[in-house]
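The structures considered in this document are given below.
Shared between the two complexes below is subunit A, which has subunit B as its partner in the first and subunit C in the second.
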Partner chain A sequence: MMWFAARISEHLPIFAVAIPLLGGFVTPLIGILGERWSSIKAVDYFALIIAVLTFLTMIPLARGVIGGGEIFVYELAGRIPPWGISLAVDGLSILAGLIAAGITLAVVIFSIGFMKKEEGLDKYYLLLLIMCAGMIGISFTADIFNLYVFFEIMSISSYALVAYYRTGRSLEGSFKYLIMGTIGTVSILWGIAIVYGAVGTLNIADLSVRLVAVSEIAAGVPLSIIFALALFVAGFGLKIGMVPLHAWLPDAYQAAPAPISAVLAGGTTVVGVAALLRVTYLLFDALAIGYMFIGLGLITMVIGSFIALVQEDLKRLLAYSGISQMGYILLGVGLGGLGGIGVSEAILGFEGGMFHLLNNAIYKPLLFLCAGAVIYRVGTSNMEEIGGLAKKMPVTAATFLIGVLALAGIPPLNGFASKWLIYVTGVQVNQPILTVIAVVVSGLTLAYLLKAFTMVFLGPVPAKFENVGKVPVSLQIPMLALAALCIVFGILPGLGLELVGPAWEPLFDHVPYVEAVLGGVIP
Partner chain B sequence: MFPLHYPVAILMFLVGVYCLLYRRNLIKMVIGLVLLTDGVHLFLVSVGYNIRNVENPIPPILTERWLDSIPEFAAQSVDPLPQVLVLTSIVIDISIVALALSLVIYIYNKYGTLNPHEIRELRG
Partner chain C sequence: MIAPSVLGVASYWGPITASIIMVVGAVIAWIAVSWSRSSAPQDPTEEKLATYACGEEVKAERTRPSDIEIDETRPHGERFFSPIKEIFKGFYESIWAGHTGDLSTYLIWLVFGIVILIVLIWIILI
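Now for the complex of A and B:
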């Protein structure tokens, strides 16, 4: 038994990708068998088992990386880097991986109740699990082309999931998302082509070493490398809904089934940010990426929240607020990456950005799941039509309120802790104007979210919703769990900081990652 | 010889972008998407062709003729890796196009038109 456990633990990084991938493809088979033996729930429970297993593979890895400060490197087929594809699990990877697996688990539990009236559930879970495999693959891989492939796996399954209902809106949202998303992934491929042409390697650690060497030989960064950086930022930025590349995001989020909106908001954007940070900070460190991220972050933050103010659809409002929160993350990591500041300020900025990334992945899915619970009961997410649901759905109302307050940055909830770190960094690097803008946007956030809360949950109940009942338990479990996490990370921010501690280290200091991947030999 | 493949690749990309921006037909937009991706594929293959800066590169196939002169073969042949990457990427592209076309079929059944300007429910 011990021998078996040791064998398994050696191969954990590949299991984390393979379990949801293979499990996903087995799901339709289970669906057929379930139909034959007339057990309708078989598919749901199979998907639940796969999601739980995926999450369980993360735990030993997280314990090793976060507790022990290790970096796990898994060489696929035993090829030695930089020649083969390898998976490398460091702090940033495990944070994104944990978030991806955790949200998939929450969403599968939610879907058991939420999707029970729908047909074709085997395909739904198939796509959901493949999307999860793609997200974990993006987080873990140390090969830049492999990253592109996993990115496409994640993207294609999410395009299909957005179109799940096949109504006019969802088809339109999905087609828009497909066109925009493909332009994004193609620009990532172009960026890969350029850096491959410049240095002739695909391993991220190897690229990091050699691109620095190229800049040193040329006494400055060549124009082609700057162009590649622009392509990477555009490609990943499109996926995370960075302004001005956000046009697809509200449509897709509004049209998708609510659990899928939650995965898109909390899962794909988070791994998108992780991939963006990994690629930009490791490959293009010679350039002033800090300023770029601060600029993009500010635009994203301000525009996202201004458009959110005028929305009438709950999911659309949450989508725009998600865009706005991405701005905070970019601002935080941008402040950390600002050259010429002290080490403690840089660490504070990175810490704030990454902690906000974690928090955003908790309350944003929470809010989308609450919106899903509302849709489940009243059948619409148009805020003009609904009202007074707090009496009818007390649990949903309470968890939504926790999510709202956390997102707006009200102490003692988790959003406050991470936003505070970003505010403090802004002041410490002598850019108080950034802090002022961030605080004002935070106020706007509170305004539109409270407007949403009031319209949906307070006031008189419209006559047609008199008979609305509570939501089933399977919808409540993930909502309550995520709301509990909001409170835990708010009261004990140290716990969250410990979790994100190793996550910013690869951005700040590349040497451990490079050495671990290349096996201590730097060419 | 002036390497013509880079301008052609970029031109293909730009034609694809033009198609996406100005064509008012969903099928033509999908064609634009394919052109755009294939422009980048051509670029990637060209990178492999030019990466070693040799005059007349040969295919990276080790035949008996080269067995005695492996170092020359290594120096003369094109880089095979980008070709493999492009193959992978083409397969990914096929699935995207298949999904896009199936969406177009559903949209046509729903609205009876392929003009994207007439299909507008999501605004704001």
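Now for the complex of A and C:
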């Protein structure tokens, strides 16, 4: 038994990818069998089992990486890196992986109730589980080409999921996302081709060592490497909705089923940021790019919030809000990468940015799930048509309000803790104007979110919604769990900082990652 | 690796300390407002009521809004932040021009964005 457990634990990194991938492909078969045996819920429960198993594989890995400071390296087919394909689970990987698996689990539970009136659920869960496999693959891979492959796996399944309803709006949103997303992934592939042509390797650890060597030999960064870095930033920036590459995002989020919007907002953006940081800070060792992240972060947060202010569709408002919050994350990690600042300020910046990334992956899906609960009952997300739902849907209203206050950075919720660290970093690096802008944008965030809360949940109930009732328990469970996390990480920010601590360390100090992947031998 | 000064409750910069300060501040403000209300209770005189109603006499039952008036108080999106929309009219007009919903506009933004990124990274790293 002990031998079996040990063998299992050895292969956990590949199980984390393989379970949702293979489980996804088995789902249609379960759907067929379920139809034959008149068990309509078989697909739901199978997807739930797969999501639970995937999340469970993360726990021992998280314990080892976050608790024990380990870096798990898994060599596929026994080929030693830098040859062959390998997975490496460090702090950044496990944070992104945990978020991806956690959100998938929450969304599967939510979907059991939310999607029960829909057809083709086997295809829905197939795509959702494959998207989960893609997200975890992006987080865990130690190979830049497989990063691209997993990115495509995640992206293609998300294009199809956005088009799930096959209405004019969903097809249009999906098509725009497909075109823009494909340009993004092609940019990444082009960047990979350039760096492979320059140094002849695809292993991320090996690449980071060789790219530094190339810069030293060439006495400066070659133009081809700068171009490659720009292509990577453009590709990942597009995926995370960084201004001015954000245009696809509101259309896609509005058109997708609400649980899928939650995965896009909390899962794919997180793995996109993780990949962006790994490539810029670890692979290219370009901490100076923090200046660019600060500038783009400010533009992203300001434009996102101003546009959110005038939205009348709840999901579209939340989509622009997500763009704005991405600005805070970029600002935090950009401040951490600034040159000429002390180590404690750099740590503070990275901590703030990464903690905000974690928090954003909690309250953003929460708000989309609440929007989904509203749509489930009233059939629209147009705020002009809704009102007074707090009396009819008290749990949804309460959890939405917690998400609103957390996102706006109101103490003692989690959004306040991470925003506060970013504010403090701005002051400590003698750039108080950054803090002032961030605080003003938080005020705008509170303003447009309270507008949403007021329009949807307060005021008199329109006569047509007089008979609206509460949402089923399967919809309430993930909303309550995410709302609870908003409170827990707000009251105990140390818990969140312990989770994100190992995530920013590889960005700051590459040596442990490179040594772990290359077996302690730095060529 | 977590800086103790950030997490420490004793530190002014700690989020917990800051939260406590803000909550205590809010409670003090609430007490101050409550006290000021109790010391100067709202008790409009006849003159005040007349002034509020533009000079005419207001009957007590008329001060209650009608059902139609209640419906009018229902929040409408267009009324929210209309001053902000007016002040930043130019900004919003330029933003709408860039968010036409046409894929071709999005692609122009994409190309524009990639060029900006290349230039910025080149300036930073060279």
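We take it that the second predicted complex is superposed on the first by the 521 of 523 C-alpha atoms of A that agree within 3 Å, B and C clash if a C-alpha of one lies under 4 Å from a C-alpha of the other, contacts with A are read in each partner's own complex, and residues count from 1 in each chain.
By our rule, contacts are C-beta pairs under 8 Å (C-beta built on N, C-alpha and C of every residue); 3 or more make two chains touch, one makes a residue touch a chain.
Owing to the predicted nature of the structure, the values given are computational and were not obtained by experimental measurement.
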Subunit A as common anchor, with subunit B and subunit C clashing or fitting: fit
Contacts of A:145 with subunit B and subunit C, given as first, second, both or neither: first
Could you look at A:11 and tell me whether it touches subunit B, subunit C, both or neither (first, second, both, neither)? neither
Give one of first, second, both or neither to describe whether A:464 is in contact with subunit B, with subunit C, with both, or with none. neither
Once both structures are overlaid, the C-alpha centre of subunit A sees subunit B and subunit C separated by an angle, to the nearest 10 degrees, of 120
If you stack the two complexes on chain A, which partner ends up touching A:41: first (subunit B), second (subunit C), both, or neither? neither
Could you say whether A:200 touches subunit B, subunit C, both of them, or neither, answering first, second, both or neither? first
Partner chain in contact with A:420 - subunit B first, subunit C second, else both or neither: second
Tell me which of subunit B and subunit C touches more residues of subunit A. C
In the overlay, answer first, second, both or neither for which of subunit B and subunit C A:171 touches. first
Touching A:493, do we find subunit B (first), subunit C (second), both, or neither? second
Taking the superposition as given, does A:391 touch the first partner, subunit B, the second, subunit C, both, or neither? neither
Looking at subunit B versus subunit C in the superposed three-chain picture, what is their shortest Cα distance in Å? 5
Name the residues of subunit A shared by its contacts with subunit B and its contacts with subunit C. 175-176, 179, 183, 251, 307, 310, 312
Mind listing the subunit B positions that touch subunit A in their complex? 13, 17, 20, 26, 29, 33, 36-37, 40, 43-44, 47, 50-51, 79, 81-82, 85, 88-89, 92, 95-96, 99-100, 103-104, 106-107, 110-111, 119-122, 124
Which residues, counting only subunit A, touch subunit B once they are in their complex? 145, 148-149, 152, 156, 159-160, 163, 166, 168-169, 171-176, 178-179, 182-183, 186, 189-190, 192-194, 196-197, 200, 202, 250-251, 254-255, 307, 310-313, 316
So in the complex, the part of subunit A that touches subunit C is made up of which residues? 175-176, 179-180, 183, 187, 220-221, 223, 226-227, 229-231, 233-234, 237-238, 243-245, 247-248, 251, 286, 288-289, 291-292, 295, 303, 306-307, 309-310, 312, 344, 347-348, 351, 383-384, 387, 411-412, 416-417, 420-421, 424, 447-448, 451, 454-455, 458-460, 490-491, 493-494, 497-498, 501, 505
Quick check on the complex: what are the subunit C residues that touch subunit A? 1-3, 5-7, 13, 15-16, 18-19, 22-23, 70-71, 73-77, 80-81, 84-85, 88, 91-92, 95, 98-99, 101, 103, 105-107, 109-110, 112-114, 116-118, 120-122, 124-126
